[in-house]
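Some structures to go through are shown next.
Both of the next two complexes hold subunit A, though its partner changes from subunit B to subunit C.
Let's turn to the complex of A and B:
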């Protein structure tokens, strides 16, 4: 009876997983196919396959600038947001002080604020200050939305951190800096790593904030949108697919590096 | 802040005569939000002593230990280490080390890295560190191949040993222990108690241990201090505390006892029912209310052949086996429960209605 039940459960789990994977990846696969179409227009089924639009996308100077902008913004946002979020997360998840609960809720608010409204508000604010919007103002706009997200991601790790470990390190003679370097940071590292990944991907894919605050500078999502609205070419799905593949490669690469580091540590431990 | 010169030890003439205590507490207090967790403790701890502070949870013993380790600074009073005021010396600049209740082992490090941590702080060369770590592992009986084992994969007892080795690697003058054995099973606890005692003897270091377990305190300590509500109510050798508890709280804390409330009357003491009570000569208790404390092994069944100076009657309602001894629960006429413990050979053969009693020499009279 139990085995029958278990078999059925297993079947349902598999069926559900297959459905979810299909639902997520089928549209992406369609997009990828559209980018490989020889025709100028978005139409299914794709009649003749060709790498023509991929080649054009790859060679396009305009797209090179877009990718540079997007990467630059995402990298700066990643570094800054991890920096802010790390100390912010420590502040409310590690130390007890009056108002930490309120701070935590206040921090959550921008996440629920509709991004187009936030983007417009920031644009008006930049105008009021006399700052003309460029990719730099987009960085600021991204930070407003992404720092809270990253703070929450890192805070999850900080909440599971036992502060007694810092006391123990101090009791064994370590200075605050030595403790941070050898105890706190290594233990919080997985959270910081996830936070950085979140920051990069959220900035990389952000459209509404960039639309309002990047001014004349364009980013990949901005360009994709404008081309969808007017002047479609199969470069749109081609670039979309490339961007997805790059993100996947980054994730896989990161995973591989972590795996190799862990393995090296294990090997060293076994030899030692 | 007070300077070192203001230390009460340096100008105290008493410290010239007696060997200077390694740790001295003078009227130490710690107040959290108006609540005094430690409420005026004065205590001298001698070089090489094993002192255990016992008390129920919330009695302030952990706060006391945290102040000694430098993780908390006293609100009032002085703490001196070898005559130097250390009230505000941070924990990383004190020659003391605390073994935490949770052990606080670094989970991302191997056993070896954990033990070498204090040596790394001191910038000792890696080969030297490793050599020292292996020596310490041998000392606490950890197999050599554990050196590169992930510390989180160790068993409870092994973690215990790692924490101990790490504390010894720091080479402190005084070691503090915050109930490190409380999470272990009975058999392992007994073994580690013995090993800890051996380590204390071999190293000659001063140990200050806190626990809520009387048994642990009795086995290991040179002296025991009993804490209650932020104060030390009694301090002495295990024998002194056991045989002459300062008050009813200490008596009850130290295991199962029978308590008979008494009051002062003309020409002696009487029980609540007015019956006179024989007490040992030389009882000095303030006030008119007191308690007679009789340990279960001194309470016995009164028969025609064997009387007792004080008696009361009741009925047996429970019988337990403690291995070589038997324990009876006897309910008196007034509804109080008394414990009688006898060797197995002297098991009670009669019916449930019994008379029990004790002799004055075997009872302790305490105030309150």
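Let's turn to the complex of A and C:
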């Protein structure tokens, strides 16, 4: 009797999860549909599908600038946040040191903080320093939020790392830099790779921080928001869908590369 | 190059502290300093930019003035955040349980499905819901197509604002909760079951207490983020609810009253961090008790 009950519970759990997943992707699908429908205003059921607005979005010079801004910000944020977070993760998980617990809590604070308020606080701070906000200040704002996230992602990998390996290398006479290159980095690669992927995607999709700290420069989410509030065109859902598809492609590609890295490491370990 | 700087003479720092320095620098310059600036602005002359040069309690006393209705924004934000947490606890628990015990080799894939929306900016996803609920939108159009008189008018209400918050913050509840449930050892549940404990009793006496740290982190994270939410109320709610973050934003932008915005932000930060810190303290206690 208990197995019957368990099967039923498991079925209900599966059905509920499927329902929630569908609900999560429903608005994304609605946006895709609106971007592909002909005509200035959206009406369902869609009578004629067309790539008209995709074409217009693709050709728009204004949007090219936005994409350049978004890519530039996300690339710089990725490189810098991985550098910061690599050492941050070692401090978080590798070394036993006096301030570690306090450091761990401090690191969590920006994640446990409403992003619009953080963006406004940074705007005030930049103003007090006499820095006028541009895409460069947006990079700083993204880093404040993304570095803690990436640190956590890499720290998970560091937790599974045996410090004895590093000690053995240095006992055998390897320099610190050599140990880092040949022992520490190869082991941490999967975590660093995931962290970089997270950094790029979180920066790419970030809206509240860019809204307040990018000044006159615009990013894709910021531009979409300004058009949602005033002056809707079907370019809004079209660009939103393009941006979503880009993120999906990056996530898939990144996941595939991570898988290949791991397989190569396994093969090498078997050969060696 | 790193080698020479590491072995340079001078006061010797522990390797952990040394590794933490870049992040510490970033958090001090990019997180603590801005918050201190907000605190300083909160005590500056109203409608001025005299930060660090004037000290007055006028902004705070204006907020606590009984004639000021800004308190309704606080009440709305906190009430919505509270409701959001309560509903998400119920929505996410079965999924978190499933990710741990039911989906097996599929759970990685299901997790990715829940992670991915985090990489799509929230305004795009919320706007998708506008297209779904709007007049002649997906819901309304589909119902008319089936011969009904059209969809209900759900858009631009406080209820839809709450719905948007639940939608956006779901992953922030789900993943800590999943980690929490992963902390339940299977043999303990089996042992209790062998000893004749019922399903409900196992859940209440074993599973829930052991998963509590994760659930608490999820609830806290969701509450804090929801209390500072603004996009949901603007895009879906059509400003039928003014959240506190919107008041702060208006003070900073249209009203050009930075000291007032800072005073409001300071109160929000105090509420949020007070909750976060008190829950974190309780969390450690639970961990110590759980360690044995």
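Just so it is clear, the second predicted complex is superposed on the first by the 234 of 272 C-alpha atoms of A that agree within 3 Å, B and C clash if a C-alpha of one lies under 4 Å from a C-alpha of the other, contacts with A are read in each partner's own complex, and residues count from 1 in each chain.
Quick note on the criterion: a residue touches a chain if its C-beta (ideal position, glycine included) is under 8 Å from a C-beta of that chain, and two chains touch if they have at least 3 such contacts.
Keep in mind that what you see is a predicted model, and the values were worked out from it rather than measured.
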item	value
Partner chain in contact with A:140 - subunit B first, subunit C second, else both or neither	second
Partner chain in contact with A:159 - subunit B first, subunit C second, else both or neither	neither
Which superposed partner A:259 touches (first subunit B, second subunit C, both, neither)	neither
Touched partner set for A:237, first subunit B, second subunit C, both or neither	second
Touching partner for A:88 - first (subunit B), second (subunit C), both, neither	second
Subunit B versus subunit C as contact partner of A:251, first or second or both or neither	second
Partner chain in contact with A:175 - subunit B first, subunit C second, else both or neither	both
Which of subunit B and subunit C A:21 touches, first, second, both or neither	second
Partner touching more residues of subunit A, whether subunit B or subunit C	C
Shared subunit A surface residues [contacts with subunit B and with subunit C]	175
Touching residues on subunit A, where the partner in the complex is subunit C	5, 10, 12-14, 16-17, 20-21, 23-31, 33-34, 42-45, 83-85, 87-88, 90-92, 94-100, 103, 105-107, 109-118, 120-125, 127-128, 140-141, 143-144, 147-148, 151, 175-177, 201-202, 204-208, 220-221, 224-225, 228-229, 236-237, 240, 243-244, 247-248, 251, 255
Of all residues in subunit B, those that touch subunit A in their complex	69-71, 90-93, 96-98, 100, 102, 104, 106-108, 110, 112, 117-118, 120-122, 147-150, 166-167, 170
Subunit B-facing residues of subunit A, complex	162, 164-165, 167-175, 178, 182-183, 186-187, 269-270, 272
Subunit A-touching residues of subunit C, taken from the complex the two chains share	2-3, 6, 14-17, 19-24, 26-27, 30-31, 33-35, 37-38, 41, 49, 51-52, 91, 94-95, 97-98, 102-103, 110, 112-114, 116-132, 134, 136-138, 140-142, 145, 167, 170, 199, 220-221, 224-225, 227-231, 234-235, 245, 248-249, 252, 258, 261-262, 265, 268-269, 272-273, 276, 280
